[in-house]
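Here come two complexes built around subunit A, the first alongside subunit B, the second alongside subunit C.
Up next, the complex of A and B:
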């Protein structure tokens, strides 16, 4: 029986981390340095032994079982075990009614979780699920996580403590984050699709437009924000209407404009690539049968280019969800607010309160749009 | 039906079609044949204005084709191309319904027409209507392409190398189907090909093009017996011109009165096939019979050979 290589690597890393690195960090309050605790320290003996036994079983599956369904089940079981264990550690270490102490997951827990997550991802990849099933799996995972959060399973962990303090702002900034990412994507679609169609029709324009957009793409995000401050500030000063509409040198306006500019390249480039992919004979037949130019575009060319365009939308949305984070620096708001506030206060839990939802949002957007692109590509060109 | 007057197409300094004039009668099957770059496709595409002529004009039933918007003109003219050009994201039924939908037919009429055409092309509607083009074989795709071109009952069908992508056996079947369709729907057909055999097999008029000029236009036999240009004889083939000529007449047409002792041959067989049969059997004469087996006359080797020279 040969051991699975990835399983061996992940088992070794996870086990080493759990045994040698702290499972949780306990702090008497938010500011003081913490003390590390292992799994054995914080759980009753039977609980710790149970956890280790279950994780050992997961390792054995990861090493020797080839059935991907079983591997996925084991990995998910492992995720549940470490999640419940860290929640239990939080409950055990927090004196009743105390809202000052902080129990944060330690390096051992993070590494073990990442190993289990990779194991689950690998199993899903080996299962080769269809697009609908992938979205369903994502929805199920998110659903379980949200239910556990709503139920208060993790309420004694430090990140949830930060959340409890910031709940109202979290909802507000979360919504703003999504609005900024989706809004700039929407604007990029409205401008980028026609521009892409134009570039496809006029090859001489193509090189110039794509070159310019490529150049914009190379400007670092924070530099572009800075470059936009001056012109937008001047615009607001000169045109009162612009100022009334909320256009200023700082805030949401430069953030949206910058994200819009970054979004244009993938949209325009993918629109051109998608249209190029449409077989010449198909367009010729459509014209020959008496479709007008706009009918050829809307009934034949765009539907056939759609899978490639959706791929561009996926790139843009995932990219924007990440980049909106930086917009917090210029007063644009979004979940980045917590990240930078946390960095300023050296409160890593606050950073995570911003960062984890951003990662989850980006990952979900990628999974959903990948699935969409695959469904669209079902009728092969 | 179609009158082409002095039609010319230039791209920059290159003349692709050079002053072509021809009249294509109603209910004919005219084949435009030429090598690649001869301008045959461009000539065809100027009929439905996929290419706009530099000078000259095309009359359809006496009316200048430029009198109406190009897309409305094209909806009245069937168009089938090499590699079929089916829409990959539409089902077979949707593909066939393309032009009727553009013309605003009601759903019931479109459905009836699609079913009728699928049956006419030996494609079971229950099986094929909902399939996508990539699920069909090459021959089936080609038939759907022709069915789509005929959907709105056009008087005129333009075909640009429609059988070019098919293997020889399926191609022969597709050519038979086309002759059948023509008999059935009475459509006037203009077909472009580079394949001289196809031209002789299908066309009751053949136009030979080279270098943008029309070298000769007439019945296939005339191309063999009175070539207007040495290039025409080269293209139709000098070595087997007698056999080609024999292939243009049927046993029924050439049959002599009275019957003889000998093998029976079908009246629809070409003289070339009858001669081959006689050579194979080592006999001098054959009985010509109709499809129902009644004798219609006879043929001798000498009589057949007389048909094989101008």
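Up next, the complex of A and C:
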């Protein structure tokens, strides 16, 4: 029986990391340097042995089992084991009632988790799940994670300590992050769809518009925010109404305008590409049936172009969720606030409190919209 | 199609303007004075703009070179028969990886390696891998089978086939990946200034901290121009390569 090469690589990396790198880092408070602990140090002997035995079983499956369902099951079991182990380590190292000590997952835990995550990802890829199943898997994973968080399983870990301190702000900035990302997407759809239709109808306009939008995409986020601050500040100073509407040089206004500008290219380009894909014969047939131009557009062309447009929406949403992070630098708020605060205080837990939800949001948006585009492409319009 | 005359005039003008501003920034001071308050300096004075621009360009190019070498090597590896077991995961990873915001990669690198150039280089390298790897995969996987068969039929070894047929055919796509990666890198490197890497982000951040719109605008304009010119240069290179390898 030949060993699976990917399984061999991941097992070797995960095992080496768990055995040679710290499983958790213990700090007496937020500032002092931490002391590393291995899995065997922090769990009772039966617990540590149980963990190692289960992970060994996962490795054997990764090496020798080819059935992707079994591989997925093993990988997920492994993820649950390391998650529970790190939670248990947090509980074991934290004296009762102490809110000052920090127990953070160490490099060994992170690498082992990444290896198990990759194993699960590989199994899912080999299973080739349909769009509905992918969304279902995502929802199940998020549901389990949220339940565990709500239940307080991880409350003694340092990230959750940061969360406990910042809970109100976290909800506020999280909502703001989503609002900024989705709001600029909405604005880009309102402006970009008509612009895309226009570019499709007037080919001479197409090159100029797409070229300009492409150029805008090239400008780094923080630079575009900066370029917009001066004119928006001037606008607010000159037009009191604009200032009353909340348009200022700093804050959300330059962020929303910049995100809107970035969002236009994928929307316009994909609208054009989607419309181009509509077979000429279909349009001819619709016109032959006596449909007016606007009927042809709304009943034939746009529905047929929809999957490609949705792909554009996916690109924009994922891109925006990432970009909003930078808006925190210009006072736009959002989860980037925690990231940059954490960088400023060299507090990795605070960085992660901002970064992990951003990654989860972007990833979820990608999975859901990919599934939607696939369903739309399959459905007869 | 754009009229080539206009494009090249705009390109030259942008290049000249950028060079002039970086070399003699004080000459442009009158333009920025209206943006300052209370007699604040109109031109960034806490460092040399040219040095900062070159430092950022250097960082970006070093990281891009490293990601290109690694990404192309990995792309070749997983498209060979011996690496086939890694192919499905590679594809998924590229898709998942690109949903990670580059800023998050940067922020997570800081606690691991400390402040300065290192976290920026790591973030640029790691994030830069994805577009190049993706395009290398697509390029190598979409070589027309007939061409590959012809190459084998001519008695080429697997190695010869890779070097003189597959890679040249994939080259336009690989270059496109490098371009996408570079554009993202310039943006991420700008944010690298928040973790104390030398670069033009420093000018923007100094402006934000001291409420000096002139700094913000000049930092933004220089970074923006640099990114656009870099993008333009690589697009030109791609076109040239496409012309030499075209097979229809």
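Here is the rule we go by: the second predicted complex is superposed on the first by the 378 of 381 C-alpha atoms of A that agree within 3 Å, B and C clash if a C-alpha of one lies under 4 Å from a C-alpha of the other, contacts with A are read in each partner's own complex, and residues count from 1 in each chain.
Here, a contact is a pair of C-beta atoms (placed from the backbone, for glycine too) under 8 Å apart; a residue touches a chain by one contact, two chains touch by 3 or more.
What you see is a predicted model, and the numbers here were worked out from it, not measured in a lab.
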item: Joint occupancy of subunit A by subunit B and subunit C, clash or fit; value: fit
item: First, second, both or neither for A:286, with subunit B first and subunit C second; value: first
item: Subunit A: partner with more touched residues, subunit B or subunit C; value: C
item: Touching partner for A:339 - first (subunit B), second (subunit C), both, neither; value: second
item: Touching partner for A:131 - first (subunit B), second (subunit C), both, neither; value: neither
item: Partner chain(s) touched by A:222 [first = subunit B, second = subunit C, both, neither]; value: second
item: Partner chain in contact with A:108 - subunit B first, subunit C second, else both or neither; value: neither
item: Partner chain in contact with A:300 - subunit B first, subunit C second, else both or neither; value: first
item: Contacts of A:254 with subunit B and subunit C, given as first, second, both or neither; value: neither
item: Minimum C-alpha separation between subunit B and subunit C after superposing on chain A, in Å; value: 22
item: Common interface positions of subunit A, toward subunit B and toward subunit C; value: none
item: Parts of subunit A lying in touch with subunit B, wherever the complex brings them together; value: 279, 281-282, 284-292, 295, 300, 303-304, 379-381
item: Subunit A residues touching subunit C - in the complex, by the definition given at the top; value: 4-6, 118, 121-122, 124-126, 207, 211, 215, 217-227, 229-230, 233, 249, 318, 321-323, 325-326, 329-330, 336, 339-340, 342-343, 346, 348, 351-352, 354-355, 358-359, 362-363, 365-366
item: Complex contact set, residues of subunit C against subunit A; value: 1-2, 35, 83, 85-86, 88-89, 91-93, 95-96, 98-104, 107-108, 110-111, 115, 183, 186-188, 190-191, 194-195, 201, 204-205, 207-208, 213, 216-217, 219-221, 223-224, 227-228, 231
item: Subunit A-facing residues of subunit B, complex; value: 48, 50, 71-76, 79, 81-89, 98-99, 102, 132, 134, 145, 148-149, 158
